[in-house]
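Some structures are shown below for you to check.
In what follows, chain A forms one complex with chain B and a second complex with chain C.
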Partner chain A sequence: MNWTVKLFKSYIFRRAIRAFITVLIVVTITFFIVRLMPGNPIEIYIGQLMSQYGMTFQEAKNAAAALFSLDLDAPLFSQYLDYMKNLFRGDLGRSFVSQGVKVVELIASYLPWTLFSVGISILLSFTIGITLGIVIAYKRGGLLDQIISSISTVLTSIPNYLLGIILLILLGVQLQLIPVSSMRGTVSPGIKAGFTWEFISDVFKHAALPILTYVLSTVGGWILSMRGSTLNTLGEDFVTVAKARGLPERRITFTYVGRNAILPLFTSLTMQIGFMMGGSALVEFIFVYKGVGWALWSSIGQRDYPVMQGVFLIITIAVIVANFLADLLYGKLDPRIKAGGTE
Partner chain B sequence: MRENSVLSVQNLHVVYSALRGTVKAVRDVSFELNKKECLAFIGESGSGKSTLGTSLISLIPGTGRVSSGKIIYRGNSKDIDIAKLSENEVRKIRWKEIAMVFQSALNSFNPVLRIWNHILETAKAHGVNDKEFVQKKSLELLELVQLDPERVLKSFPHELSGGMKQRTLIAMSLLLDPKILILDEPTTALDILTQKNIIELLKKIKDELELAMIFISHDLSIAAELADRVATMYGGKIVEIGPTDDIFYRPKHPYTKGLLKAVPKISGGFEELFSIPGEPPDLINPPSGCPFHPRCGYVEEVCKKEAPQLEQVEGNHYVACYKWRGITDGE
Partner chain C sequence: MRKVVFIVLAVMVLLSASAVLASEFHGAWPYLPPPNGHFNTYVTNSILGGSMYHDLIEQPMGMYYWATGTWEPLLATSWELDKENSEFVVKLREGVKFNDGSELTAQDIVDTFYIGYLMHWAVWRFIDKVEAVDKYTVKFHIAKPAPKIVLERYIIRERVRAHSVYGEYAKKIIDLLAEGKTRDSEEMKALRVEFEKFRPKTIVGAGPYMIDPNSITEAQLTLVKFPGYWDVKSLKIDKVVVYNGETPVVTPLVMSKEVDYATHGFPPATEMQFKRLGARILRPPIYSGPAIYFNDDIYPFNLKEVRQAIAYAINKDENAYVSLGESAKRCEYMAGFSDNLVPLWLSEETRSKLNSYKYDPKKAEEILKSLGFHRDKDGVWVTDKGQRMEYELSVPAEYADWTAAAQNAADQLTKFGIKVSVRGVTYSQHPTEVRQGRFQLAIRDWGAGNPHPHFAFYTDLVSYNYLSGFGPGQNFPLTQKTKAFGMVDLNDLVTRSGEGWNEEEQKAAVEKLAIAFNELLPIVPLWERYGNNPAWDGVRVTNWPADDDPIYKNSPYADNFVTLMLMKGILEPAK
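Here is the complex of A and B:
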């Protein structure tokens, strides 16, 4: 194994270690916040059992302990260790509301939809954003640049949930352009999942409004960043030298300007992933799109703490994993990262 | 155009449009570049040297453009006016016929490409698709500039030092056997020792290869080591041009004399560094008459009225000054 390969390996390794530690910290913090919260969810549940079923405190406590597979008399720290042990076995406890249903199963049914809609949105938004950004940077000062730059500035200043509401009211209620009610949920009832046109088009139909909202609320930022970054790169000496070398315009635009202008955007991309996952709660709520964001929202409403805790954890892990992947990609695209040893 | 010249610049004017007005960066410049010759352009920063250099490959930065004049390049038997070519036509001339190396040694290469890819794409851009040939040639050239070819070819730019990058760029500039090599302050970004090495290298290239060079520098002593002829630029004009020895030992223009005094003499120990008093001219509103008159110690009324033309001193030595006959050699 030569030394560059080794370095690259250790770069991945260091990033993986860091991601893992971040997850551990987040899990720990969520655990203690939930346990130490006044009116701790388990006590609330015990209270509910006592008032609804007339159990004694001890009976209720035993029932709760059995349900959550927790020894409630144990000191907090050993509860924490138990919790972590369960976590490593993939056990996130059970829902209060849909009793007996494992949180892991609930999340497994919600998560794919959020990953799908957010993932597609980031891909679309990033691609459209960098393309338009580089185009208007080349035509800077022109009419097209002025129009697109202004629209982008307006779009970036509207929060995504507000944009979602505006879309809903404008397209669905005012103009009646789209059948909002039949677009609720993630798939229409009665459609079998599979690799069929019917299923896929239905999935996209239901995801269309959340995706449109995510894309519109983020694309302006990408356009403006790419425009700025392209203008900086156009002023770089290596672009001038490339022209002096007689390289064709197309090659310079893609490999010299475009490729280098994208690099600084990766830092924003990693942040964007977290932002979108977090923002999915409100957007999915507005469009009744049943992903983890929606699950988080409804679990808050129903005080379903184990689900809340689980969803929060999964969102965090998804964000960290996405950041990790984005960083790896960045390391692949920028040769200075590998050998630099600064990251 | 003379028989043995490869380039003939005739009454060239280059302007930039700025907010304050039109910057007349190159004004009525004419010269011939002979085959196998090294012609140096010297002058303070802002005198129009880089603008002149980039205009020769139609790569004037920003708003700059040739407003009048001709740049006749003698290709294979045919004469071409570079100022009149379309972008795509001039693209084919760049690097293949006229290569230019800039001062920006630290940032000349695309950070995401290996040196080998830079070389290969340059060859391809000019229709040279034989990979083996390109590899053989680049090994030779990197050897010539005293680098470890194998290592350099597979390196990314950030893995090379400033001096190595500039050597690599110089090697690359020779890839397609250009007839003319323009070097714009090729050593300015480098430390003293590296500067000396690069100059030695350029001397070697000049002796071993059949190509004409244009060497741009604000440093007369560096130019003198390399050049056969030297042209002094001031305020966008050539104010003196002649064989290096004439310019160095018998300068006739007061500005050239001033520049010579401004050069710290390596041999002379602690000689005081003299610099020409006054400011470089404003090229939006250049001074009337002789551009140097606001700073000239020999100025007379006539100097302010009309600009002096280049006059023959002797042989190839020309100067644009009314008073050159009264200016003695030496001090």
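Here is the complex of A and C:
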């Protein structure tokens, strides 16, 4: 068998092709869905000019026509072909509303903050979640189990933006434990970016509230899932056998129970990592945090198609890549599953 | 040696003390940070562009006191309308510096307005030329006569841009015009595309404060006192910190006393919380509010009697209170423009002719019955053509006060027998939906933040009507038969109310428009909005004037009183 046949038959190659096709399909669907939304940037801009500057429709239309180089009257398919052509060249276009600003440049300025805040949140939330999940599974029916399970259920049912507002009002206004104004945004005015304690501590200070919000809104889900998964695992034969063999409890907990119970949560974790790229529009809005979600929020309001498409593209690629990696890593984590064999 | 150490220490203590004592004012306004936000103040998404804080950086030639109808001269010291020669001549203040060190001259004004030409500024409907007569005198040639106040609003109220920043572009425009290339030429269009991408490094202005570009984050920015400002001795506040954000984001900042003043539209429950915490609520008139717009293509909205019945069927006091508490007031005159301006424009005799459409469901019922309408079994009205009166009322979903007004109006009308359901449409899309006629009933704005009623009537009758050019809109015919005057051409009256030199003729047109509007009710104004601006006294600043001070008659979105108070040194640092 020569190497090309081997390559085509390999699991990784086939998964990569499938991932690529999925990206193409999603990009195509996004392109058309965005344009199916009522209104377009030119109409909105014309409306703004009429309302804010008292222009007549004709004046506003002429002003908009000069400003927007895009031809929205061109057949949709030809607009799509242009978009795809540019996409393959790595050109996501330029913002319609902030004239001249490249979408790549925009996303590059927003993405690191989302990756930082949501990344840390997922890490914290997952770690706390699985730890507490195992603990309460072992203490099933006890007071600790009841308290943590109830709190988890409540936290899971509150939307993250509501939690954010509650935190702000409670900690900032009612109890005055945090300085609301100086914790907004991603960094304090005048602080220079660099590998300095001043900058790093400032960044953490500003990310604290979004991180706390994300952690509180997701940790309950991890705790409850881990609890359920651990309880299932505890009933497995291999755990009974391990106990019968007289293995130390600590070893059974971590090597036998923990490792097996965590496996079903792994897919959710990779999915969350994928969605992390999109941030959370509402949480970032509430804390005035300059992340991708915030960029998406403002671009939707202004019907800034290129920015919207750019953000959706990043989210899509991230989710698909995360899925792809999950598939690959799953086999490594659980030797019972052989990736090649499952296909 | 000891002495030196002592002096150094003393200087350090003094410096740190002065740093601590630097007086600050904290405000709030939404803006987009870079790279979306920028400093080209002619273009969309410019940072603080068009806001009350913009006036502090690129100061205008003058600002207006709405209560007295007088001007506060700023970069201009005087101006004159020469009707015989069709000229508007402005004298500039001498010895004024921009914050980049350049001197204010007539050329700055010429450049400001020629770039405005490229950007389709409305003032160019009335002027066709701007020229520097001498270093401090500018002459605007009037191509189409207009009331003095209209010209003043367009010229004197304009923020002055610096030649040192925009001069190159202004020259290109003037050169193109000299070659006969107008705004619609390809060359001018190309120049505009280029100009839209122009990004100055900062905002250069002749105002009392300058933006500190290093202070800009997505959360806040700082304006620092410009030491070379022409009236620097009047300034009592050293720094103005502006927090970024819309209402939900700014609310916790006001509650924690981090913001001294905000113009955002706060819901009544939030306002109550502010009051409980000890904030003052300032209620300046906005000179506009929400109104019900009708799609006249849908029968029976084309009948004035039906619109009148709807006006009677809604308890507008209740609607106002539910929507915005004390900051919304039912329109007493229903004249199509602000009750606050009515005494200045309408005679007592005219005012006595205006119907205030007070809540009277019996009267509404009588009107509908007189048209041959009847109630269905379930109480819903049925027209003489057999159609049940069931409609949808669209509203910009993000505007909390308008949404509350829509919901309350829908509930009241449904109770009366006109079944109305509310549909929220995103705020940026809603005006387009209405202008394109894709609605049955809609909530849009009436009136305008301008002291001349022409602008209010333009909003009421043209902005969302077929004449907007965007689509059929409400499709309300502007030639109508009235009881008072027989046939009237409303569009002609709107035009005449805002054109020409003769102010008496304009007043006559406004009187006629008010009476016709009151009878025809092309739209039903629900209430007039007043601000519910929270202000903290004694936290960082103090000396806010009393609630009845005429300065609070200034619209916060047009000639903001806090901007004037900062410029004039009325607001002082709290001890």
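Just so we're on the same page, the second predicted complex is superposed on the first by the 262 of 343 C-alpha atoms of A that agree within 3 Å, B and C clash if a C-alpha of one lies under 4 Å from a C-alpha of the other, contacts with A are read in each partner's own complex, and residues count from 1 in each chain.
Heads up, the rule we're going with is that a contact is a pair of C-beta atoms (placed from the backbone, for glycine too) under 8 Å apart; a residue touches a chain by one contact, two chains touch by 3 or more.
Just so it is clear, the structure is predicted and the values come from calculations on it, not from any experiment.
In the overlay built on the shared chain, the residue A:Arg184 is in contact with chain C alone; chain B does not reach it. In the superposed pair of complexes, A:Val23 makes contact with neither chain B nor chain C.
By the touch criterion defined above, A:Ala60 lies against chain C but remains apart from chain B after alignment on the C-alpha atoms of chain A.
The partner that reaches more residues of chain A, of the two candidates chain B and chain C, is C. Once the two complexes are laid over each other on the shared chain, residue contacts for A:Thr240 go to chain B alone; chain C is not touched.
In the superposed model, A:Leu124 makes contact with neither chain B nor chain C.
Interface residues of chain A, counted against chain B in their complex, comprise 236-238, 240-249, 251, 255-256, 259-260, 263, 333-336, 339-340.
Interface residues of chain B, counted against chain A in their complex, comprise 57, 59, 61, 87, 91-96, 99-100, 102, 104, 107-113, 118, 121-122, 125-126, 156, 158-159, 169, 172. Against chain A, the residues of chain C that register as touching in their complex are 26, 32-33, 35-38, 43-45, 50, 119-122, 183-184, 188-189, 192-193, 196-197, 199, 214-222, 243-245, 248-249, 252-253, 255-256, 258, 425-429, 431-433, 435, 455, 458, 463, 468-470. Within the complex, the chain A residues that touch chain C are 38-39, 43-63, 65-67, 69, 95, 97-101, 105-106, 109, 165, 168-169, 172-173, 176, 180-181, 184-190, 285-286, 288-290, 294, 298, 301-303.
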